[in-house]
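Below, each structure is written out as structure tokens.
One chain, chain A, appears in both complexes that follow, with chain B as partner in the first and chain C in the second.
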Partner chain A sequence: MGLTLFLQALAIGVVNGALYILTALGLTLIYGILHIVNFAHGELYMLGAMLVYLLFVAMEWPLWAAVPVIVALSVLAGFAVERTIFRRLRGQWLQLLVATVGVSLIIQSVSWIAFGAQEKTVPSVLEGVLLLGSVRVPIERLAAASIAMVLVAILYLIVYRTRTGLAMRAIEEDEETARMPRVDTDRVAGIAVALGFALAALGGVFVAPIYSINPGMGLEAILMSFIIIIVGGLGSITGTVVAGLLIGIIQAVGALTLGAEAAHVLVFVAMIAMLVFRPQGLMGRVR
Partner chain B sequence: MHDISRRDAVRSIAIAGAAAALPFSAHAQEAFKIGNLAPLSGPAAAFGIGINRGIELAAEDIGVFEVAGKRYRVESVPYDTSLDPGKTVAALNRAVLNDNVRYGFILGAAVHGAVLPIIRQNGFFDIFMGAAGKEITNAENPTVFRFMASSDQLYYTFTPDIYRKLNIKRVAFMGPNNDLGRSDVKVLKDIAASLKSDGVEFVGEELIELNAKDFQAALLRLLARKPDAIDTNASPTGTVGLIAKQARELGYKGYFISSTAVLEARALVNVAGKGADGIIAYRIWSSSPSPLYDQIAERHLQKYKEPTLGTVWEAYAATRWVVEAIQKAGSFETRKVAEVLAQSTFAGHPYGPASWGGDKTYGARRQIQTPLPASIIKDGSWTPLDVRMGKLD
Partner chain C sequence: MTQPSSRALGPALILVLLVLPFVATNYWLHVAIVVLMNITYTVALCAVLRMGYLSLGHAGFIALGAYTSVVLSVRFGVSPWFGIVAAAAMSGAVAWGLGALTLRLRGIYFSLAVFAFGEIVVAIARAFDWLGGPSGIANVPRPSFFGIKLDTHFAFYWLAMVVAVAVVAFFARLEQTRFGATLLTLKTESSERLAESVGVDAAAHKTACFAMSCAAVGAMGAVHSMYLLFVNPQVFSFLMSTDLVIYAMIGGTTGFWGPVLGAGVLTALGEQLFSAGYWKTLVYALILMAVILVVPGGLTAVSGLWKRELAPRSGR
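This part shows the complex of A and B:
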């Protein structure tokens, strides 16, 4: 394997990893603060992609108008789901698990009916390839990955540099204690879920022009997100970022050296190895 | 008590008469159920939806038909298999045991290994839509008819001519990691070996998940071997489009050959964009082969508000041909109908005159023979490639 090929695979892995991170972050945020495993998360990712198709392609809205509307809708959906389902079932993990699976199935079924079964495509808005020496990086992927990284930085600032973030981390530590200094835990939980939903929807928005889309695409996304947050450590933002990049690189370098089938298996091997040798993940804490 | 007026009495009798006639007329036209066991969701959904539409259009043209003095109308019964062998087994069991369906389209060579025992046991009439070869259509499966070109037809009678015509020397394979992909990659290696004297060489293979969307890293490995053409085998439209798009992004300038898939011509260009140029498909007609082809395209556009899906033509022809054979046999007994069908020819196929072959290659006359073209995308449009599928003995 030549150096050029290795660097090309590395570039593919880093860019893909950055795109995985966005969706996985929402999942880990909701888990970290509310300890809810949100199985409906992949459907938010799918809805982001399908809505960009609906608004940008079918209704011919400009992209600058479509994206804020999608974010606003996903934030509203986040608050609504937190208020009507998560809050009522808080602390009942099994009921919550079943409820999120139910929400996932409802969203997916309605989407198959609403959007149809055929693959859809969103035309690329940034065509062309950036040449970094002999490494080729498609501009649309690079742009999506860069925006994803900016969003990660913003999320990091929210969680670690704002009062709301402080409250989120307080709830993560101990919800009962967090209530004492008059933290509005319900409000903070709502914000966390809304943020998580928005990140998932944006993940879908960014991949829509890169791949073809359909209402079943959420399954693949949530599977990858689970692998990433398990490897990174449940609830850890930094861990999710590191694991996302790591999984992306393992996939790409694995496919280059061993082939596509082996690379697919390699990701699961990484996850199982992590569960066996470091169950808390790369940066998770032992509770 | 009210007196009943004469007008009310007449109205009541008319309503009662109509009500009584309803079950009679429904009974007078029984449903001839044709199952559609195909993907109706996911990346290959267009295959299954196309079959449903083909059956519906054929049903409109067939109208009411008689068998042994009874009147029937074709009815499509869809089952979503997602191209998954397990789901296809469940769907076939449901069709046979619960829904009393004895005839049906089953799409996908990759699912057939799982369903063939059920087909043999029940004498189910399999209107098989897919490629592969002898492992599916053979003397042990008398009620299985392949209504599409087989891998042998597509590869052996097309591929060498295309390699020569386009001066393709180095060939790679990127197809689904299912039974069909694994079997067809062997066929392609065999062809390359047989063309060694012409300088043809098989340089690499990648087997991919059917639902995968990102092929960049796998392509990188393949492109390092500098192929002139990548055979995408039975990958569905969206997958072929993404492979082409991502390969072009990595700097690949060669051809893609969609050998055994049924592609959606326009959707492919939508997915791959400018990268679609150089995609070759074996069953896309750049110019219409018959007036019936045009007529179906027109009706499809009016009825479904979109261009004709790739499987519509063959599903339309298969439905009409099978019903014709049932009428000739005077029975729905599937083995009897199979005997009649195997000896028949059909003039109503949108691709042109159709007949059955495969006696020598498969040991059973169960392989459709129709004219079939090859086309290539140039400047975003399909243009004919001057090659035609050969005859299979």
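This part shows the complex of A and C:
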């Protein structure tokens, strides 16, 4: 493989990885507090993309109106799901895990019924290709990845520079002790789930103009996200960011040299290798 | 299983299974075959659930069995009977490997790894033309039994029934062995430590149980492919794995009747009520959420609760 081709795959991998990170980060955040991986997370990503189609394409809303509405809806959904389901099942890991699968199936089947199986496309918002030497990167993907990175930075600030973020880290450390200085665990959990849902929905919003979309896309997203958080270390934000970029690059370079399906298998092998040699992930801690 | 009522119900169930093919129409035989396959899958899934691990990729092992037997019979002309045995061996061996790697980790890692495994099996089947690619492999041969080809519903019913009864009986019996009793002690992290402190090799027990469960669904997966007469990646999607989890959670994961009734009743109802998959998934998922939030132990736990708390005590 020529150097140019390799750099091209690298660039696409970094851009894709940045978009994977958005969905995976919410999973990590929710895991840190509830100690559960939220299977419904991929469906928020799917809903973000489908709602862009519904509002921006079908109802012809301007983007500046559509995106905030989508974010607001996903935040509301986050608080609602935390309150009605996660809070009631806290501590019962099996029931909680299966419940998130149930929520995922409900969202997915309702979407199939409402939107149909037809693939949908959202027209490009930004045309053009950026030339970096001989490497070509579509401006739309670059913009989406850049905004994704800004969102990641904002999340960092929330988790490491605000009182709510401090409470999140305290709960992750030790929930019992965190309750003693009167940390409102329920409120913090609600905020974490709402933040995670909003990030996933935004991930879906950004990919809508890049790929064709359908109600099954959430499953693909959740699979990649799981692999990323396992490789990065469950509960670690930095680990998720590093693993997201790494997996994006492995997948893009693998797809170029071995083909797309084989790249899929390669990513899975990376995950299994991580489970064998370093089960706590790149940055995770042993619990 | 030890209540007198259940003891009478077991032989009654066998009697129903023996008489059914002589009285049922072809349509009801079809329903019965699908029910038997799903009961087998769910009972095997519950064996893993009882030791505290949730497999979200059992469809991957069903697919592995189905593809193993189909590739052997279609590509190499091997007897379908041998295909069923090879399917069990293949699914069991792969599960042994995956289990050895992931079962020593906490439950959630296992669930994620097996979920990813299920998706990858399907991705591999889709990727290689030799495995049929996205459209799968058709013209799967059915076995013959002493010259009688199992190509009617009536004849095929017996194959499905024998495999189903064998698997269900195996796991029911397993519960009563020392090995099965040890498995139950591995359910939580602390009880596992306790078991290990008295010399139990927890990892070996868990891996063996997972391999047995997957070998069982692999064998039935081979039978499944012979019933359908084809295999393709869509059949063994994530939704198949979640259907099994739903049957188990709604019926209840403990005891003999939970998984059997959960899978049996829901499959029979599903065959009756829904032609579109999305509506079936939606209704199942709504029932699942209602059961989890109201009776987390599943519907058979309600009857257990009734017996324990409300029924007049019979001095034991």
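In the analysis below, the second predicted complex is superposed on the first by the 286 of 287 C-alpha atoms of A that agree within 3 Å, B and C clash if a C-alpha of one lies under 4 Å from a C-alpha of the other, contacts with A are read in each partner's own complex, and residues count from 1 in each chain.
Operating definition for what follows: a contact is a pair of C-beta atoms (placed from the backbone, for glycine too) under 8 Å apart; a residue touches a chain by one contact, two chains touch by 3 or more.
Please read these numbers as outputs of a predicted model, since none were measured by experiment.
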Chain B and chain C placed together on chain A: clash or fit? clash
**Message:** For A:Asn16 in the superposed arrangement: first (chain B), second (chain C), both or neither?
**Reply:** first
| query | Which partner does A:Leu89 reach: the first (chain B), the second (chain C), both, or neither? | reply | second
Q: Based on the superposed arrangement, let me know which partner A:Trp112 touches: chain B (first), chain C (second), both, or neither?
A: both
Note to self: Per the contact definition in the header, classify A:Glu261: touching chain B only (first), chain C only (second), both, or neither.
What the structure shows: both
Should A:Ile227 be classified as contacting the first partner (chain B), the second (chain C), both, or neither? second
Open item on the list: Just checking: does A:Gln8 make contact with chain B only, chain C only, both, or neither of them? Give me first, second, both or neither.
Closed with: first
Which of the two partners, first being chain B and second being chain C, lies in contact with A:Thr162: first, second, both, or neither?
neither
Of the stretches 94-102, 130-138, 166-174 or 274-282 listed for chain C, the one clashing with chain B is residues 130-138
The shared contact residues of chain A with chain B and chain C are 112, 259, 261, 264
Per the touch rule above, chain A residues touching chain C in the complex are 35-37, 85, 88-89, 92-95, 97-99, 101-103, 105-106, 108-110, 112-113, 219, 223, 226-227, 230, 234, 259, 261-262, 264-265, 268, 271-272, 275-276, 279, 287
Seen from chain A, its contact residues with chain B in the complex are 2, 5, 8-9, 12-13, 16, 112, 117-119, 121, 123-124, 127, 129, 136, 138, 211-212, 214-217, 220, 251-257, 259-261, 263-264
Interface with chain A, chain B side, in the complex: residues 40-43, 45-46, 49, 177, 206-209, 211-218, 220-221, 224, 236-238, 241-242, 249-251, 267, 270-271, 273-274
Residue set of chain C touching chain A in the complex reads 49, 52, 54, 56, 101-102, 105-109, 111-113, 115-117, 119-120, 123-124, 126-127, 238-239, 242, 245-246, 249, 278-279, 281-282, 284-286, 288-289, 292-293, 296
